[in-house]
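Here chain A shows up in two complexes: once beside chain B, once beside chain C.
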Partner chain A sequence: MEVTVRIPTPLRSLTGGEEAVKLSGATVREVIDGLEKAHPGMKDRLLDDKGVRRFVNIYVGEEDIRFLDGLDTALESGQEISIVPAIAGG
Partner chain B sequence: MSTFRVEPQLLADKSALVVGVGGLGCPAALALVRAGVGRVVLCDDDRVEAANLHRQILFDERDVGRPKLDAAFDTLRARGGTEAGILRVHGRLLPDTARALVRDVDVVLEGSDNFATKFLAADACQLEQRAVVHGAAIRWHGTAWLVPPGGAPCYRCLFEDVPAGAQQGCSEAGVMGPVVGFLGALMADLALRWLTGDASAAGSILSYDGKRDRLRTTAVPARRDCPLCGQRRIAELIESAYVSGICTA
Partner chain C sequence: MSAILRRARLLPSVIDAVGGTPLVRLRHVSQSAPGVEVYVKLEYLNPGGSVKDRPALRIVRDAIASGALTPEKTLIDATSGNTGVAYSMVGAALGFRVALVMPSNVSKARKDITQAYGAELIPSSPMEGSDGAIRVVRRLVAESPNRYFYADQYANPSNPLAHYHGTGAEILDALGDRITHFVTGLGTSGTMMGTTRRLHEHPRKIHCVAVEPAEALHGLEGMKHMGSSIVPEIFDATVPDEILPVSTDDGWDMADRVAEQEGLFVGHSSGANIFGAVKIAERLHAEGRGGCVVTIACDRGDRYFAPMRWERRYTW
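Right, the complex of A and B next:
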């Protein structure tokens, strides 16, 4: 399944400024593994040993994966994954 | 030319607390005062620095070194605010003062630069049943969202707890003036809508991308196991619960 991962501004330093990355994977976990291979360091910003970091939210379409099957949420081709990190600043 | 504005009498007996008079708080406070909110309380402990001036629109070069609240007060008075309508609380929002401060107003606008204050404001507003507008910006990206009294969803539904470990500093990350200006105005928009009876924005976080000029609305589901608005395990403000670095992602 090819999906598009929308990279939030604070994490674009890891993607060389890319706003969106196309990756293949059957689940969110596989896509994040692919993201890590393509852009090392990304996985550590998104996950810890318990799963998705508490101050990061990952959406498939408009759905928070915490309310789906978490990292095992199945993906369909063409879907969009969004990452919404907590930010503080101003 | 016709004009559209909120009728001043609707706002004259309303009040707002602005936590953090920085890049977000400056435009938000100006919009609230100019809209006619009867009492705007400003809370901050910083002094104006030259590095603030590109984004903190209530200050200019003559204010460098002054307490932000005094400089903001003078500018807001010059822009139509009344002496009685602009109050200054010199200091940070702290666990021992937060509940009394938020209890005293109708809505809180939280635009602080650190997670400790964000979670503290969220918790205090939930405990005192006050609406809060959270705002944040870093580089070209920012978010704003309205949490009504009672939450569901609230800040902890989305971000759970204060991030641990070192966080990236604002000075390192950078903040774009137009982006915080836009987000500060958006915070005021959400607050004014709430004050005039429109709660339709609650339940979604607005994310602005200043490089692509995109404003995205993302629904935030309430979490039943949220410690704040779900299970209500947070019943008081404990100082040790609010420790973090500044900025991030």
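Right, the complex of A and C next:
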């Protein structure tokens, strides 16, 4: 399942400035593992020992994975995963 | 004037209710630092519900006085929400149009509040946060320079001046010579810059600490991680005496604690501010010193609710 992961500005230092990364995986968890392999440091910023960090929002299409099956949310080819940060300053 | 008399003032307009917020002693969350007083200034008691009423009003007043903002112009700015609410309120009260560029993932409450005041909302990318909103405003203003007054809270000296003449002066008025430390977070940095400049004029040194999110990807909405952001023009790194990184988890946990233990329901950035203030108080206590630490409650917790609980879709 090839999907596109949209990377927010604060994490682009890990992707060499890339705004989107193509990866394959059957679930969100597999995609995050793939993201970590390609761009080490990513996993720690997104997950803690309980799962997705409570201030990090991960969307498949337009749905927050908290309202789907969390990290086990199944993916279809061509879907877009967005990591949406909190809003800074002012 | 006593607090009761201040609250009973008769005012000609809602904008005259901005400022004059009370300081409240935090006794429970600072129990780990006996002998050090910790106070929080309740900026959420401003009529727009946040500390941002101060810079928004000052920016508008100064722009009207200089002729930069005239009735045929629309005030425009990038905002993560609270400044937008403040501009919208002031615009409605004084009768000028307001357009706000906000990342489309700002909370629904903020969009609804600004629209209730009649402001026009323009969405920017949720992936690029407030820096993306800044870039959109710059483009719109460049395209139609005569249509807009660009308030530019990140660069406008009226922003820190509001805190120099307001927040800082009020803290000294309330506490006099007792205050030893001031702690607040960096967003536009206006609160830190203006308040600190005023406190540094006090004859005895007041140690001023800037709280910063510990990580680039954080959940302290309203705060800026300077290392990974467009640094605001009004930010001068030489003004704070110390930078204190605070993690999102510590800020969020403290926001929960002050609600439960102090009866103050504050937002996440206020939680981080109070966490920082208690850290400083604990350090003073460990050194065997007393002190009086002041921090800021920027807004109320009901502007945040749990992440996206009521907002499954972030599209506009």
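Criterion: the second predicted complex is superposed on the first by the 88 of 90 C-alpha atoms of A that agree within 3 Å, B and C clash if a C-alpha of one lies under 4 Å from a C-alpha of the other, contacts with A are read in each partner's own complex, and residues count from 1 in each chain.
Just so we're on the same page, a contact is a pair of C-beta atoms (placed from the backbone, for glycine too) under 8 Å apart; a residue touches a chain by one contact, two chains touch by 3 or more.
Keep in mind it's a predicted model, so treat the numbers as computed, not measured.
Trainee: Which partner chains sit in contact with A:S82 here, chain B, chain C, both or neither? Use first/second/both/neither.
Mentor: Both partners.
Trainee: So which one touches more of the residues on chain A, chain B or chain C?
Mentor: Between chain B and chain C, the winner on chain A residue contacts is C.
Trainee: Once the structures are superposed on A, label A:E19 by its partner contacts, choosing first (chain B), second (chain C), both or neither.
Mentor: Both partners, chain B and chain C.
Trainee: Where does A:F55 make contact in the superposed view: on chain B (first), on chain C (second), on both, or on neither?
Mentor: In the superposition, A:F55 touches chain B and chain C alike.
Trainee: After lining up the shared chain so the two structures overlap, which partner does A:R66 touch, if you call chain B first and chain C second: first, second, both or neither?
Mentor: Both partners.
Trainee: Looking at the overlay, what does A:I7 touch: chain B (first), chain C (second), both, or neither?
Mentor: It touches chain C, and chain B stays clear.
Trainee: With the two structures laid over each other on chain A, which partner does A:A74 touch: chain B (first), chain C (second), both, or neither?
Mentor: A:A74: touches no partner chain.
Trainee: Counting contacts the way the document defines them, which residues of chain A are shared by the two interfaces, the one with chain B and the one with chain C?
Mentor: In the superposed arrangement, which is not itself an observed complex, chain A uses residues 8-11, 19, 45, 53-55, 57, 59, 62, 64, 66-67, 82, 84-90 for both chain B and chain C.
Trainee: State the interface residues of chain A toward chain B in the complex, per the touch definition above.
Mentor: For this pair, the touching residues of chain A are 8-11, 19, 45, 53-55, 57, 59, 62, 64, 66-67, 82, 84-90.
Trainee: Please name which positions on chain B make contact with chain A in the complex.
Mentor: These residues of chain B touch chain A: 20, 22-25, 111-115, 118, 135-143, 158-161, 163, 167, 170, 173, 175, 180, 183-184, 205, 207, 209, 211-212, 218-221, 223, 246-249.
Trainee: Which residues, counting only chain C, touch chain A once they are in their complex?
Mentor: Of all residues in chain C, those touching chain A are 52, 78-83, 102-103, 105-106, 126-132, 153-154, 186-188, 213, 215-225, 228-229, 232, 248-249, 252, 307-308, 312-315.
Trainee: Which residues, counting only chain A, touch chain C once they are in their complex?
Mentor: The contact residues of chain A facing chain C are 6-11, 13, 19, 45-46, 53-57, 59, 62-64, 66-67, 82-90.
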